[in-house]
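What follows is chain A paired twice: with chain B in the first complex and chain C in the second.
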Partner chain A sequence: MAVYILRRLIYGLGTALGLVLLVFGLMNLIPGTVVSQLIDRAAGTSPERLAEVEAFLGLDRPWYVQLSSWLLDVLRGDLGISWRSRIPVVQLLLPRLAVTLELAAMSALISSIVLGVPGGLIAATYRNSWPDALVRVASLAVLSVPVFWMGSMFILVFSTALGWSPPLTWVSPLQDFGANMRMMILPATALGLVGAATLVRMTRNSILEVMGQNYIRTARSTGASEQRILLGHALPNALIPVVTMAGLQFGFLLGGAVVIEEVFSLPGVGRLLLQAISQRDYPVVQACVLTIGVLLILLNILIDVLYAYLDPRIKLGD
Partner chain B sequence: MRTLFAIAITITVVLLVLSGTAFARGQAELDEVERVEPVELVFATSVSTPNLHPYNEVSDARMRRSPLMYDCLVDWTDDFGVEPALAERWEYDGNILRFHLRENVLFHDGTPMTSADVVYSLGKVLESPGAGFYSQILDVTAVDDMTVELELTTPSDALLAALGGRYAYIVPEGADEDHDLSVTAIGTGPFKVDRFAQGESLRLVKNEDYWRADEVGVDVLTIVIVPDEASIAAGLRTGEIDAAIFEDARIARLVEGRAGITVFEETAARWDILDFFALDREPWNNVRLRQAISAAIDPEAVMELAIGGRGTLVGGHPPALWGALPFEDAPYGRRDIDLAKQLLEESGVDTSGAFKLISIQGYGALNSGAEVIVDQLGELGLDVEIEIMELGVWIDTFVNRNHETFSMNSWGGWIDPDQLYFNHLHMQPGGRDFRIWNNEQVSQLLDDARASVDRAEREEIYYELQRILVEEVPWIPLYSADFVGAHRNNVGNWGVHPSGFYHDLRWVTVQAD
Partner chain C sequence: MADRPVRNDTERSTRSWVVSIAQGIRDEPVLSTGFLIGAIIVLIALVPQAFATHSPRATNALAALQGPSFDHWFGTDTLGRDVYSRVIYGSRTSIMIAGSSVGLALIIGATLGLISGFIGGFLDQLLGRIMDIVFSLPPLLLAIAIAGILGPSVRNAIMAIGIVYTPHFFRVARSGAIVMSARPFVLASRLIGVGNRRILIRHILPNVSALLTVQTTVSLAYAILLEASLSFLGLGVQPPNPSWGSILNEGRPFLQLSPWVSIFPGLMILLSVLAVNLVTDRLRDRWDTSLAQE
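Up next, the complex of A and B:
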C-alpha cells in the first residue's frame, strides 16, 4: 500500500508539472499582457514606459527563464507577488481556499448523501413507477441546465419570491456559523444539484444491477425482509462504484465552483482565478491552477485507497 | 460499510439541523434588526480595485475610492471647479504656485499634516504612472511648516484641477516605506480602512478627527464587490444593499418601479467614440472620408442599442465637463445619408475593398455600437468588418501609435478638458498625438488653454478647438453614457460626481427604514 501511494504521489508530481507547463503555455498564447493594466494611458504613457514595466516584471526574459524562475520559487515555498494587486499570492490564495473547499464539501454532501444516494435508492425501489419517473426526469432536467443559469435563477427566485438574498460578505463558519450557512447554502445547493443528478442515475442503475445478483436471491430465500435486503445487502455493494464517481465529482465541483463563486459573489479560488486570467496576472493564475491540480491529484489517490478499503477484492500495487 | 453510511447520515442530519436553525435565527435577526449606531451605508459595485495604493495603482476603481480615505490640496466642486481642502488658500506668483496649508489636520495615524508631508507626497506623485497629469511641476519646496511652493513651467488651472484627485493624495512623510499602502490607507480623509479584502469588500470607519467630521453622513461605509449585477439588484430589493452604480445600465430595469427604491441617472464626464487613427496616411488622412462616415452615422441609434439610450448625445465633448460645444452645433453629428454619399464621392477614396473596424473585447456597449455603425456605413456603400481586439493588445497598439484603421474607443474620468485633449492631440514632444494628426493649430490651442488661469478664456479656446474637431473629424463622438444606479429611499444626500469618483459618498446619510 505504502509503495503504491508513493508511486502515485510521484506520478502526481509529474502531472502537476505538466499542468503548470500547459497553463503557462496557454497563458502566453493569449494575446495581451498585464503591462497594459499597469500604465495610465490617459496620462500619456510612452512606449519607453511600457518597456520599463515589462522589464520590471521580468517579461522581457525568455519564457523558459520566466517559468524556471517561478518553479524554483515555488519549490522554496514562495508563490510570488500578484503583478496586479502587489499583494503576496499566498495572502490572496489561502483565505479563498477555505471558501472553495467549504463550498465543494457542502456541495458534495448535498449531491451525494442528501440527494444523490437517497434519490437513486427511491428510483430503484419504485422502479418504473411514478417516483422513479419523477426522479429520472428531474435529474435529466437538472443535467440539461448550465450551473451559472441555475445559480442566477436561485438568486432571482429567492430574492423576488421570498425577499431573501444571501449576505454580501463571507464570514468563516467558526466566526458566525449562521451567517456562513446563509451565504453558502444556495451556491452549495445549486452546485450540488448538478452533481446529484449524475449520482442519482448511477445509484439507481447500480442498485438495480446488484438486486439481480445471486447473493440477493439467496438472501431473499432466507426470508429476509426487502428493507433489510436493500439497505443491508444491496446498497453497500451498489455504493462502491458510486463512491468512485462521487470522488471524481469532487473535481467537477471544484471546477463548477469557478462559475458559482462568481454568480454568488463568493470570495473563493475560482473567482480569484477568473479575475487573474482576465488581468493576465500569471503568478496568481499559476498558483490557483497548481493548488486545484494538487488537490485533485491527492483526492484521486485517496479515492483509490478508499476503493480498496471498501472492496477487499481489489489489491493496490498490483 | 454500514458504519460509514451511518456516520455519513448522522453528519448530514446534524448539518441540516444546524444550518436550518442558523438560517431561521439569521432570518429572525434580519427581521428584528433596527438601525441603531453605527449607521452603515452598504454600497455595491461590480468593479473591484486590485489594491488601494494612491500612487502605483492606475485603475479607475482605485481612483474612485481614494477620496474616501485621502485628501488632496484642493477638492473638486460638482462643476469641475476647485475649492480648498488641505490647502486653505493659494496664489500664483509668476510661475510659482504657493499653497497655504490648513492647520490642525491629523493623519489617520494621529500625526499632524505639515508641508514636509506635501513635499514627500507630491514627489511620489511625480514618480507615479500618472506623472503625465502633473508635468507642469518642475519643483516642490517647503517654505515653512505650513507653506508649500510649486515651481511650474507656466501658471496652470489645469494643473490645479489635477491636484484635486487621481494620484495627488497627501500621505505622511515616509508612509510608502513604513506602511503597505496597497492594503491600507494613511490619509487625512473622512474614513479609515477597517478591512480591505481584495476583490471582496472594503470596510471603512469614520475618521472622528477628520477636519469636516460633522458633515460625514455615516459611521461605517462598506463597499462590496458583487460581480453579477443581477445580484446587486436582488440585494437592493431585500435591503442588503443601500446603494449601487451599475456598469450595465440595463440592470436598472430590474429595480425600476420597486417600492422603496429610487433609480438615478447622472451625466458623466466620459464618452464612447469612433476613433480614427493613422491620420498621416491613406485613406484616413482624407478629411472628406471621415466627414462622410460622420454624416452616415446616427449616434442616437448607436446609443439606443449600446446603452439602452441612457446617455447624452455629444457635440464637441461630454456636456458634463465644462466648456462643451453643444450637440446642436456639430455639423456632422446627425445622420444625413445624402450628404454622406456626396462627401464620400468628393473624397475620391476607393471603396471597393473592405474596411476594418476595431472594437475592444469585454466592452459590450462598444461591440453593440459597432454593429449599428457597420449597418449604417453599409447604407453608405462601405463594406466594414468588425475585428474584436483584446484590451491589452489594443492599448499596446494605441500607445505605440500602431493602429492602422478606425476603432471604437471609450474613456473618461477627466476633471479638466486639458486631461481629455492634451496628451491625445498635442504633437510630439509635449503630447503623444496618438492619431498622428500632426496638427499645429490644435497643439497651439492646447498650449494656450493650458497656460491660462482664466476659465472664461480657456472656455473660448476649447470652443475653438472643438469647432476644429467637429469639422476635421479626428474622432466621432457617439454618446456620453450616464451613471445609472439605484439607492434605497432611506439613503439621503445622494449624489454622484460627474467624474465617477466617490467624492459624494462622504456626505451620504442613511435613515432607519
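Up next, the complex of A and C:
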C-alpha cells in the first residue's frame, strides 16, 4: 500500500510538472513577448524601456532558465510575485482557495448526500414507474444546461420572486457563519444540482445491478424485509462505485466553481484566474493552474486508496 | 408466413422506407425525438436566414430592452437588436465551434489512440503520460486557461475545446485497439502478411467505430456547454458576433431588468444539448459499449 501510494505520488509529480510545461509552452506560443502586451504600445514606449522591463521580470533569459528558476522557487513554497499588484502570489491565492474549496465542498455535499443518493434510491425503488421517469428526465435536463446559466436563473428566480439579492461583500464562515451560508447556498446548490444529475443516474444503476445479485436473493430467502434488503444489504455495496464517482466529480465541481464564482461575484480562485488572464498576469495564472492540478492529483490518489479500503476485493499496486 | 401477399419490388421499396421510419419512431421514440430536435437545430445553423426575422446586428436605440412581443419574439437587447434573430444566427457559431472542436479531438485523439494501443511500448507510455496531463485538470478550467492564454477568438476557442477532449478519444481508441489486436481475426490477418496500416484501418477501426461514435456524441454535448461557458466569460466569440454564450454574456448586466436576453439563449442550449444527450443515452443502451471497460 505504502509503495503504491509513493509510486502514485511520484507519477503525480510528473503530471504536475507536465501541467506546468503545458502552461509555460502556451505562454511562449503567443507572438511577441509578454511585456509588449503588458505595456500599452500606443504610449510610445521605447524599445530600450521594454528591454529594461523584460530584464526586470527576468524575461530576457532563455525559457528553460525561466522555467527551472520558477520551479526551484515553487519547491521552496514561493509562487512568485504578481506582476500587476506586486503582492506575493501565495498571499493572493490562499484566501481565494479557501472560498473555492468551501464552495466545491458544499456543492459536493448537496450533490451527493442531499440529492444524488436519495434521488437514485427513489428511482431504483420505483423502477420504471413515474418517480423513476421523473428523476431520469430531470437529471438529463439538468445535465443539458450550462452551470453558469443555472446560476443566473437561480438569481433571477430568487431575486424577482423572493426579493433576495446576492450580498456584495464576501464574509468568511469563521467571521459570520450565517451570513456566509446565506451567500453560499445558492451557488453551491446551482453547482450541486448539476453534479447530482450524474450521481443520481449512477446510484440508480448501481443499486439495480446489486439487487440482481445472488446474495440479495439469499437475503430475501431468509425473510428479510424489502426495506432492510435495500438499505442494509444493497445500498452499502451499491455505493462503492458512487463514492469513486463522487470523488471524481469534485474535479468537475472545481471547474464549475470557476464560472459560478463569476456569476455570484464570489472572491475565489476562478475569479482570480479570470482576472489574471485578462491582465496577462502570468505568475498568477501559472499558480492557479498548478494549485488546482496538484489538488486534483492528490484527490485522485485519495479516492483510489478509499476505494480499496471500501471494497476489500480490490488490491492496490498489482 | 406462407400466406404473405406477393408484392412487386418497386412498390415494396417505396413503401418500405416510409414504413421503416414509422417503425423506427414507434420503436425508438426517445432516439427519434433527439434526432428530430438535433436535425432542426442543425438546419437552423446551416440556413439561419430562413428562420431569422431581423438582421442579427441591426441596432435600434428606440427599441432597446423591450420584452418579447409579436415583432420581437424573444425581446430586444441593450442596443435594440432582435434577440430571436441573434439566437438563430448564434446557433451557427455555437454549433460550428462545437462541431469543429469535437472533430479536431476525434481526428487527433482517435488516430493517436489507435496507433498507441496497437504499437504499444515506449510510444504508448509517452502518449499516455501526455494525455494524463491534459486529463489532470477539469475540462472547463483547462479550456479557460488555454483560451485565455492564447487570447479570445473563435479559432482559439476551437483549439482549447479540441485539446481538452482529445484524451477522451485517445483513451477510447487506445483501449479498443488493445482489445481488438488480441482478437484471433487480427492475429490471422497478421499471419497472412497484412500490413499494419491496413490492419488498423480495415480491421480495428471499424470495430471501435461504435465506441468512437458514442464518445463523439457525448463530447458534442459537452463542447456546446463549454463553448457557451467560454463565450460567456468573454474568452470565446467576441461581440458583436452572436453565439449562445456571447449573447448570455451581453445579457448578464441586465439580468433582472431584461431577463429575456438571458433566458432564451439558455433554453436553446438546453434544447440542443438535451437532443444530443437523448441520442447518446439510447446509443449507449443499444450498442454494447462494454468494450471500454475491458
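Basically, the second predicted complex is superposed on the first by the 299 of 318 C-alpha atoms of A that agree within 3 Å, B and C clash if a C-alpha of one lies under 4 Å from a C-alpha of the other, contacts with A are read in each partner's own complex, and residues count from 1 in each chain.
Methods note: contacts are C-beta pairs under 8 Å (C-beta built on N, C-alpha and C of every residue); 3 or more make two chains touch, one makes a residue touch a chain.
Keep in mind that this is a model prediction, so the values were computed, not measured.
By the touch criterion defined above, A:Val285 reaches chain C but does not reach chain B. When the two complexes are overlaid on their common chain A, residue A:Thr203 makes contact with neither chain B nor chain C.
In the superposition on chain A, A:Leu22 makes contact with chain C only, while chain B stays out of contact range. In the superposition on chain A, A:Gly14 makes contact with chain C only, while chain B stays out of contact range. Chain A is touched at more residues by one of its partners, and among chain B and chain C that partner is B. In the superposed model, A:Ile277 lies in contact with chain C only, and not with chain B. Look at A:Val259: by the touch rule set out above, it reaches chain C but stays clear of chain B. In the superposition on chain A, contact is made by A:Ser152 with both chain B and chain C.
Legend: residue contacts after superposition of the two complexes on their common chain; A:Ser144 is shown touching chain C, with no touch to chain B.
Of the two partner chains, neither chain B nor chain C is touched by A:Gln249. Overlap of the chain B and chain C interfaces on chain A: residues 30, 152, 155-156, 159-160, 262, 278.
Chain contact summary for the complex, chain A toward chain C: residues 14-16, 18-19, 22-23, 26-27, 29-30, 140-141, 143-149, 152-153, 155-156, 159-160, 251-252, 254-256, 258-259, 262, 273-274, 277-278, 285, 289, 292-293, 296-297. Listed in rising order, the residues of chain A touching chain B in the complex are 30-47, 49-50, 82, 84-87, 92, 95, 109, 113-114, 152, 155-156, 158-160, 163-165, 167-170, 177-182, 185, 232, 235-236, 239, 262-265, 267, 271-272, 275, 278-280, 310. Across the interface of their complex, chain A is touched by residues 129-130, 132-134, 136-141, 144-146, 148-151, 221, 225, 228-229, 232-235, 245, 248, 252, 255-256, 259, 262-263, 266, 269-271, 273-274, 277-278, 281 of chain C. Residues 1-2, 5, 8-9, 11-12, 15-16, 18-19, 21-23, 25-27, 29, 42, 44, 48, 50-51, 53, 56, 58-59, 129-133, 182-183, 197-201, 222, 224-228, 230-231, 234-235, 237-238, 240-241, 362, 389-393, 395-396, 398-400, 411, 413-414, 419, 422-423, 431-432 of chain B are the ones touching chain A in the complex.
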